[in-house]
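Take this structure first; my questions come after.
All chains are identified by letter, namely A, B and C, in their written order; residue positions are counted from 1 within each chain.
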Amino acid sequence: MSFDTQIVWQNLPSLLYGLRLTIVIVILSLFFAGVIGVLICAGMLLGSPVVRRISADYVSIFRALPEPIIIFWLYYCSPLILNTKLTAFETGAIALAIPSGAYLAEIFRAGIQAIPRGQIEAARALGLPPFWLLWDVLVPQALRIMIPPTLGIVTILIKNSALVSALGVEELFYRANVLGGQTFHYFEFLTVTAIIYFMLILPLSAAVQFQEQRLSARHR
Amino acid sequence: MVSDKGIARRGTSGLAAGAAFARSLPIIIGLGLVAWLAWGVNWSFVSNLDFTVIYKYRVALFEGLVNTVWITFASLLLGLILAIIFALLANVRYAPLRWIIVFYVEVLRDVPLVVALFWIHFALPVVTGISTSVFESGFIAMALQSSAYLTDAVRAGVQAIPKGQWDAADALGFTTARKWLDIILPQAFRIIIPPLANIALGYFKASSVLALLSVGELTTVATRISNYTFKPIETFTFVAFVYLVLGYSLSWLTFRLENLFETKRI
Amino acid sequence: MSSRPIASPSGESSAPFIVCENVRKFYGAFEALKGVSLSAARGEVVCIIGPSGSGKSTLLRTLNGLESFDDGRIRIGDVDLPGTHRQILEVRREVGMVFQSFNLFPHMTVRRNVALAPVRSRGLSWVEANGRAERLLRRVGIVDQIDKYPGQLSGGQQQRVAIARALAVEPQVLLFDEPTSSLDPEMVQEVLQVMRELAHTGITMLVATHEMGFAREVADRVGFMDGGTLLHIAPPREFFDHRADKRLSAFLSKIL
């Protein structure tokens, strides 16, 4: 057995085109997930009892459902249910955003609730207007808490984005399989693809681990 | 939490109105979303619902579920054994060995499960000359990847044991093997039960990814039934429900288990 | 009214700056304040003592609108609480507060902690506010720590920063809620010293405290709270020597 670098070089543009689509779908679904996360988090914190209940259920249900089930459910069922037909790309982006939104909502909620009450009271006692209370006191402290777990969600999102290849979205993993099938050089293309995913995720997961160590060191 | 009580209680008119608006905002948005979705729905699908397919294919579904549970359990068991070995090796003085383990853990954590799965099924045989069945490939992929996460958990558990325990074991003249088997690992095991349960739950969920290689677990079966009967709504909704119920039961069970261990410790 | 008229700096006696009458406050069914009446003139220092749970914090927190109240009247300057949103912000600029647990903003330097409110609620520029922060921090004796973060300071230093922060909006009144209760004993004096100096500047101070020595020495009047009522209030000499109330003398003999 030998690693055929020649064939990888020849088809690298095609792989990288897939990588571009991977990044696009990750960013798009991350944006949707952020919107869902903010809404659900607001529902959990500020909503009436019914809204709170629904928001909490959303979080616990979509954290427990396997991602492939959500992806397949949307892909196979949406044509029967919706008047409009979603493309595979749209289906994939929405399906990835739904569970990520649940995770983000939980991260946002925990981040906001982790700020001691005394911080808000001190700001109010100083007469800070509500906007500046949010901007100067709450947001910076909450962000600091929320950034590491949010990066963790991004790594999960990148990994799960490979699943939408099953719908025919021509992202990185899909391209690797197609090229492997066409050339019978599965070994080369799958290895290179694995390395690309590794290089995408490693900096993020290293940052998460670094941040978590720093945070836990400070708590000691 | 932030504004809820304080602002509402203060009863100043402007803020109260603002708070009331902020509180009803999710409802307004939610209702808007529901209305928009309802408008885009072709409601005739309801009259075509036919849940008898579930009953018709109950045996296949049950077999799929058994495969899911079996592959999760078996691969985690292998993963845990590997993880304990790696965690022990990570304590060896020989640095290159430690680096290899760190590298192994990081690579497996940072590559998507489905990529590892396809690599093992399609690429690894090129190296080894041995092809594996899809079920075997799924099993190996889950075992290897879970071993990476479990290595971290076991290592953290070992590190959480107070230094006094190690000193005591040394002072009592234990051999290295006895020290690990009698003193360190039993205590570490208690500490890692919660993360272990979390990882187990995660892989019960993640086994669904194996459907991309048609490994034959629950999600594979669901896809097959849905393709054959053209009843995706019934099939996938039911299977989603099964995953939910089993996932919740599992987390309830681990919760009970943790409590049991908690009370025993006192 | 047990208060003696207090001479304002210009020599004429003025109307009390803080007036509460019959203030009642419920937490659910629990009555935390059972009709408290208290007034303080400009420049007056009032210390409030009393056992834990007697309602000292609750009383102070109603005075700057951190807590609502359910009955009675509270008037700060010429604003009746609860006022409009705008009025509450105005009251909070006139009434600063120092907390038991400091509540400094951990993500800002000491300088920024002090300069923040003047910029955000008084419209000063950062340059002006930083200058003011420096002056105030010099006054409380920690100008050398100005670029550190609160987490790097001792408890006593943090509480002095908190006092400077409260002073930065130039309030008429400072409320102190047990400012030395979470300090190590050796740091209590440095904070009390700052408060002692403040008391002579003509600022109105309401201090919930367990420091009897401080109350006796600095206060114009001392009040005793128990079970949500202000049982007794008098100038320190009369308060400590005559012990007009049975519960008060029980409390004092336990503490002294």
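Assume a contact is a pair of C-beta atoms (placed from the backbone, for glycine too) under 8 Å apart; a residue touches a chain by one contact, two chains touch by 3 or more.
For clarity, every value in this text was computed on a predicted model and none was experimentally measured.
Compute the centre of every chain as the mean of its C-alpha atoms, then state which one is farthest from the centre of subunit A.
C
Whose Cα centre is nearest the centre of all Cα atoms in view?
When every chain is reduced to its C-alpha mean, the one closest to the whole-protein mean is A.
Any idea which two chains share the most contacting C-beta pairs?
Highest contact count among chain pairs: A-B.
I'd like the Å distance between the centres of subunit A and subunit B, where a centre is the mean of that chain's Cα atoms.
Distance between chain centres: 16 Å.
Find the geometric centre of each of subunit B and subunit C from their Cα atoms only, then give the gap between the two centres in Å, rounded to an integer.
Spacing between the chain centres: roughly 53 Å.
Taking the mean of the CA coordinates per chain, how far is subunit A from subunit C in Å?
A distance of 48 Å separates the two centres.
Please output the residue numbers of subunit C that touch at least 2 other chains, ranges allowed.
Residues 65-66 of subunit C touch two or more partner chains.
Can you list the residues of subunit A that touch 2 or more other chains?
124
Note the residues in subunit B that touch 2 or more other chains, in rising order.
Within subunit B, the residues that touch at least two other chains are 6.
Please name which positions on subunit C make contact with subunit A in the complex.
Going through subunit C, the ones touching subunit A are 64-66, 89-90, 92-93, 96-97, 99, 101, 103-108, 116-117, 120-121, 165-166, 169.
In the complex formed with subunit A, which residues of subunit B make contact?
1-4, 6, 22-23, 25-27, 29-30, 40-42, 45, 48, 106-107, 109-116, 118-119, 122-123, 126-127, 205-209, 211-212, 219, 222-223, 226, 232-233, 236-237, 239-240, 243-244, 247-248, 251
Using the touch rule from the top, collect the residues of subunit A that touch subunit B in their complex.
Result: residues 1, 39, 42-43, 45-48, 51, 54-55, 61, 64-70, 72-73, 76-77, 80-84, 112-113, 120, 124, 130, 138, 155, 158-160, 162-163, 165-166, 173, 177, 180, 186-187, 190-191, 193-194, 197-198, 201-202, 205 of subunit A touch subunit B.
So in the complex, the part of subunit A that touches subunit C is made up of which residues?
Residues 116, 118-119, 121-129, 132, 136-137, 140-141, 144.
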